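For clarity, chains are labelled A, B, C and D in written order, and residue numbers in each chain start from 1.
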Amino acid sequence: MEDLVRIRDLTVRFHTYEGVVYAIDDLDLDIRRGETLGIVGETGSGKTMTALAILRLIPYPGKIESGSIILFDRSLPGGLELLKLSEDRMRSIRGCKISMVFQEPGSALNPVYTIGDQISEVYLLHQRKELGSRAKQRVDDLLGNRDGFAASVKRPLWRWQRRLYNKIAEGSNPLEPRILSHIPLFRRLLWRLKDEAGLLTVSMLKDVEIPDPDRVAGRYPHELSGGMKQRAVIAMALACSPELLIADEPTTSLDVTIQAQMLELFRRIKVDKGASVLFVTHNLGVASEVCDRVAVMYAGRLCEVAGVEEIFLHPLHPYTRALLDAVPKPGKELQTIPGALADAFNPPPGCRFHPRCPSAMPTCQQERAKLKEVSKDHMVACHLF
Amino acid sequence: MELRSYIIRRLLLLIPVLFGVTLFIFGVTMLFSPIERASLYVSGIRDLSDLPGIIERFGLDKPFFTQYGTWITQVLHGNLGWSLAVGMPVWDAIRSFLPATLELAIFAAPLVVFTGIFLGTRAAAHKDKSIDHVTRILAISGWSLPTFWLGLILMMVFYSLLRGFFPPGRLSVEMDFVVHSAGFIRYTQINTIDAILNLNGPVLLDALKHLILPVITISTVNIAFIMRLMRSSMLESLGKGYILTARAKGLSERVVVNKHARRNALIPVITVSGYVFAGLASGAVITESIFTYKGIGWWAYQAASRLDIASVLGFALFTGVLFVLVNLVVDILYTRVDPRVRLGGGVQ
Amino acid sequence: MAKKLIVTIIALIGIIAMVLPGCGEAGPTPPSPYIGSGKLDGNGIPFNFFNDTNTRRAFSYAFDYDTYIHEGLQDQGECVGSPIVKGLYGYCATSPKYSYNLTLAQWYLEHSGWGNLSDIGFKFTLAYNAGNLVRKTACDLLSEAINSISEKMEVSVLPLAWPSFLDKFESGVLPIFNLGWLPDYPHADDYVVPFMARAGDFAAIQGYGTATIDALIAAAFADTNPVTQLEKYAQLAQIYHDDAPGIMGAQPLARRYFTGHISGFYYNPCETSYPGRLIDMTKSQNLTTQPFIPFLHNNTFIYQTIGDARTLDPCWAYDTASSEQIQLIYEPLLYYNRTSTTDFIPLLASDTGTFNATDNTLRFTIRSGVNFTNGDTLTAQDVEYSIERVMVIRRASGPAWMFYSPLFGNYGFDCRYPGNFTLVDNAITVDGNDVVFHLSSPGWVVPFKQILTQSWASIVDKNWCVSNRSDWNGTQADVARVYRPLTAGLTKLYDVAMGTGPWKLNTWSKAVSISLDENPTYWNAGLTPVPFDHVVTSVFEGWTSRRDALLAGDADIVDVPATNYNEMDGYTDRLNYYYNLPSMSIDAFFFNFRIGG
Amino acid sequence: MTDWRFTARQLVKNPLSLIGVVLIGIFIIIAIFAPLIAPTPAGHHDPYMIPRDGYWAEPKPPSAEHIFGTTQGQYDIFYGVIWGARTAFRVALIVIGITILIGIVLGSLAGYFGGVLDEVIMRITDVFMAFPWLILAMALVAVLGPSMKSVMIALILVWWPSYARLIRGDILQVREEDYVEAARGLGASSGRVIMRHVLPNAIYPALIMASLDIGAVVLSAAALSFLGLGAPEGYADWGQLTQFAQNWISGPLSDPLKYWYAVTIPGLFIFFFVLGWNLLGDAFRDIFDPRLARR
């Protein structure tokens, strides 16, 4: 399987008045086409930052210091260096090629706009052409098979609309509609675009198994249950059938039954949309459910990457082991990881896990361990190997 | 809740408020001795012999609640009393001075609200950039300006340097003639509007010339205020999750700020704008007195400084009503801006 | 957390504790009542402190008259020794005056009836009505002078809001009070009575006056022989000086500033109207200082003042602003001849009145051929009605008393009682085309004529009043309906006016402006053509705006506060000046002989 | 949240707030050393009454013995503004102090016990908020007579409701917090719970608001004196000094700005005083603002 996204020595730092936070430190990671890659780690281990870094949405005062993130898109060979793209190009990728589902469906939706509005926004933004041609189609139908007085009156308008939508369909951002969309009253002349977007929205809502989608489309977020919201958010993310779907703890805030449905949904998406999923979670159980491969992070660094069975059956990195032990199992008393997560401001030198590591060696305190492939598709960053 | 019943319920709230307000003022004025209050009606010491008569006529020596009662019954019969300050019934006074103040408010309020919101948005969108710092400095300075002093300074500049360019009052003598001439119909008493309705250019120009300085004076502080508020509430909503979502959708910064962030940020601003408008309309006492711009605030000042109790009470009633009405409008506006808000009930 | 809270609270309380004592001395808190301990123990004064002549004289010598005139009145004042001020009928130029002389003051204090006051020492408070800066200056001068004589003597100055000042004044608790007096008619009697008669407005409060003085006042007033009469008034002036019941501050001198093109102003101290008599003025046509539309300024007289008229009803108006307007719209029987206060010209009367000593009657023949602006002709009945109307309605603290005193020698009575009404009715009778006033004393002839010149004596149209305004219909039965209205708004002519005067009311937007138009059918137009087509009086409280209007030529005259006189010098290019115009008002200190009434 | 070291560093780091601190510092010094900066002339009874140099109405320009010149009535502007600083501080501290106390008492009662008590108190605040405060203050001052005391009383009367509301709001939030519930669960008396657990966490917003308000209070007091309803004539008070200049805004045509000093100087003192507090308060708001969490 070829890579979809290749992250190389990515470094993200937060420059705050209290000092520099090493959120991500020299991270190498590949996301393969059509796979679900899980990123697992404690809170603050930098998994969310990795996700945001791919979208270049690191919040102020964070900054991507160095590294490269390459998106291999079928359309353009050689791939795209995301970190070198102009902000405009980047925007055209966000929500279209790469989209994201956030942890809190409640806060992820804008309370003052309807679900429909917020989803069709994506279409209007990224799929103008399609909408344009669809709208043109409609007008053509009208021109073709309508007659009678009313029609004859409307015809000129229709013709004009046709020209308009045609331009839009041809893309290259024509002047006329652009001007129109800025003039409050005339803006509504483009209503057919909205309609089309609306239709797409409803079908998308149907896809994410929302009952009675066209009613829901008209609802405001606060009128929906948590599960519904999350589905809506996912629908929004899938709107333009992205190549990569980043899901940041999508299930954490939901109760168990809903969680199950969500995971089911994600599996399905992967199957029929063929999209790769970057699944960020702190919950190994969940990860084992959905992921093909799992990457374990600790204090901004990658500890171990491997296929899901592999990592659950033969975890190598002491931290991974500790994590697995920390998962409560029936009839086995719970292991906890000694010590606390490394201080973000002055992290321990060498391997950041060594203060908590049961099998730490002197070298661990000096030099950091490189990520090396110990067996097929199984990489570990630890001096033990 | 259904709109009509809600409005009715809110209007019922008027009663306790107005009752409290008037009762309180009445209490304050009762701190005067009957003679002191009677002496408002005599011209000089030659008439001191009349004081007992006046006290008796107006029942100024009656117990507190008797006097308050008589006043209330008066009001319920639609008689707000006589305004000594301007020599006409209080009700007429309100009617004849309100247009001037409304005119001021009509020009000031949009200026205040829109400038404030615009600058606030810009500042928040470019937090810690130069524009943010500039606007912030402007805002804090404007916020610290004593209105009366600003007025005086403006007068100093525009009366003495550019003499007669922005004259005081509401109209110059000439235009006053025109306005009172038969050909000119005073639909609203609001000069600018009347001028437009009568298609009379000179009057319009003259009225505007008289308006500029008061409007500037009254707006400065409020603009600063709204701006700061808008900035902080913008910052708040820019920190929200849905902004990240919007960005992740690939929306341009302009859309993110102006569509997704602003509408949420407006909610607290609306309340304050309501108060600001109420403040403007309930009389910019200081501004109007400085520029002898005879609106309701000027009247209130004259009344209060002459202890014209009837007028002060009337004015208090007026502001009370205004206050409650503005609150009502604000609440209704809420429901338009924020779908979560239900009339009566708070956020769902 | 709790600790933090407690600390905060303590801090707050601490702050307040620190600052509250300071707040204690915030604003001069008066020794109440204003005479400190109330005993002559160095910390106060006894209630009858000023019952001692030498003490009063000491204070009279301790007031710096020259500084008061120079700085308080901006050099616009003259010192007068007695209440009979310059310009009054009965004024005596030779009557003695006090002058600023600290050594004399000290001597009198040391030889006061209380012993050596500069050793004993005393404390009391000098109150004035807040906002009146001239009086503040006067009080500061007096207190500083006294304090400077000996540190044992301390006079502190305290502002009181006008209502409470009147209250304190009336209850007689102020040891010394500073007030002004403005005559209603320029006759010595209108001064000596309030200042010296036991029942007088000031004297009564002070507790000053004796039977002999009262007798002398009566005699002086009734005396028809000018020579002896003037002697008597001179005598009264002397008495006032010797008793020193008050400190005569100074008689202010007024100024007027007109735009250059207004001419014909002459000053009459009894003229109520600030701009003078407009009918005699003219406006030159070269309008160099006119930036605006000429057609209007040409023949419009624009006057900017500080306060709006309260009413246009002659029976209510008792304030300058109202009288100014009323006298432009209405006319009285006669008026002062130019600058004189004792020589008259007939207006609505055809003569200046003939006095019949046998029955004390004053008879005027009504001018014929005079029309009101609504076309009605002026009749003797109108005159009778106008005067009786004022007396019958008799609004509280209004001008009605000014007819009662000359006609009955009292301050008025309630005409709802038939008996009283008949008296009033008979006091003014119509005889063909003549109106006859039955005076109570021959002494009243001149003062009564003076009273007849003022706004309250304006002649209204009876028919119009009764039919159009449903005003008092002239019968006793109707009196109760109109008697003593509570507010100006309740009189029928409150905001309308229709007279014989040279101008007629166009619009009155309250508190903003009054504009009058020329009366096209003015009876006297042949002799004195009406100079202005419009007269606009607009109200501007702010001095700066008034001043700039005057300098820009937007106003022909504005009210100039005495404090800003000097600022107005040096505009000879555009202004006409009139200086040193003696007013008849006076500000004075009055000693309270028995503090606390 | 209130890490004072952090606060201090922020204050110093932000130039604006630094200016604020400096301004306030200067005014504090002025207020404390007023008797040294502008000594009261001998035989002058009340130091807060501005000494007059004669009684002439027209202001006199700055000169050797009157650094800022004299205003209408020959009151020494310099003396006035210096001692005016004391007046300003006194008014501000007393008003704010007392207002906060009232606010704490009523606010915590309303917020903690809720129900009828809450309703009543809130209705009362409604009344006061619906009130034309300037007019109320004017009426009060007129009744109580011209003195700083009446100004303060008036201001306190119109100021307390906002604090009562603020503190009530905070308490409503805090009382739901777990540790308060816990304390209640342990059967602590309400008074104890309020004092030990609720107030300490509810009061800080009020204190910040106070720092924001000091400027506003001084402004309002000045406005009152400007309308001639505050200090007695000649009292060292910035607002009144400004009022004295009201008749001297424009000079003769030849020299329009002749009396600039009388108009500008007192106003500038008010402005800078208020500016200082507002800058400080603004910084506080940013620092303590839980939304703009520290990064």
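Here is the rule we use: contacts are C-beta pairs under 8 Å (C-beta built on N, C-alpha and C of every residue); 3 or more make two chains touch, one makes a residue touch a chain.
Keep in mind that this is a model prediction, so the values were computed, not measured.
S.K.: I'd like the most central chain, judged by C-alpha centroids against the all-protein C-alpha centroid.
M.R.: Centroid comparison flags B as closest.
S.K.: Based on the averaged CA atom positions, which chain is farthest from chain D?
M.R.: Centroid comparison gives A as the farthest chain from chain D.
S.K.: So what's the Cα centroid distance for chain B and chain D, whole Å?
M.R.: 23
S.K.: Per the centroid of Cα atoms for each chain, what is the distance between chain B and chain C, given in Å?
M.R.: So the centroids are 38 Å from each other.
S.K.: Roughly how far is chain C from chain D, centre to centre by C-alpha average, rounded to an integer in Å?
M.R.: 43
S.K.: Could you grab the centroid distance between chain A and chain D? Build each centroid from C-alpha atoms only and quote it in angstrom.
M.R.: The separation of the two C-alpha centroids amounts to 52 Å.
S.K.: By residue number and range, which residues of chain D touch two or more other chains?
M.R.: In chain D, the residues touching two or more other chains are 142, 228, 246, 249-251, 253.
S.K.: Counting only residues that touch at least 2 other chains, which ones in chain B make the list?
M.R.: Where chain B meets two or more other chains at a single residue, that happens at 32, 155, 159-160, 163, 289, 307.
S.K.: Inside the complex, what are the residues of chain C that reach chain B?
M.R.: 162-164, 166-167, 169-171, 179, 182, 194, 201-202, 291-293, 296, 300, 302, 308-311, 318-319, 396-397, 411, 484, 486-489, 495, 506-507, 509-513, 515, 534, 536, 538-542, 544-545, 548-549, 551-552, 554
S.K.: Quick one: in the complex, what on chain B touches chain D?
M.R.: For this pair, the touching residues of chain B are 13, 16-17, 20-21, 24-25, 28-29, 31-32, 133, 136-137, 140-141, 143-149, 152-153, 155-156, 159-161, 163, 228, 232, 235-236, 239, 282-283, 285-286, 289, 300-301, 304-305, 307, 312, 315-316, 319-320, 323-324.
S.K.: Under the stated contact criterion, what part of chain D meets chain C in this complex?
M.R.: 2, 43, 45-46, 48-49, 52, 54-58, 72-74, 86-87, 89-90, 93-94, 97-98, 100-101, 142, 145-149, 152, 195-197, 199-201, 203, 207, 228, 231-235, 246-247, 249-254
S.K.: In the complex formed with chain A, which residues of chain B make contact?
M.R.: 240-242, 244-252, 260, 263-264, 337-340, 348
S.K.: Across the complex, what residues on chain A touch chain B?
M.R.: It is residues 55, 57, 59, 91-96, 99-100, 102, 104, 106-113, 121-122, 125-126, 220, 222, 233, 236-237 of chain A that touch chain B.
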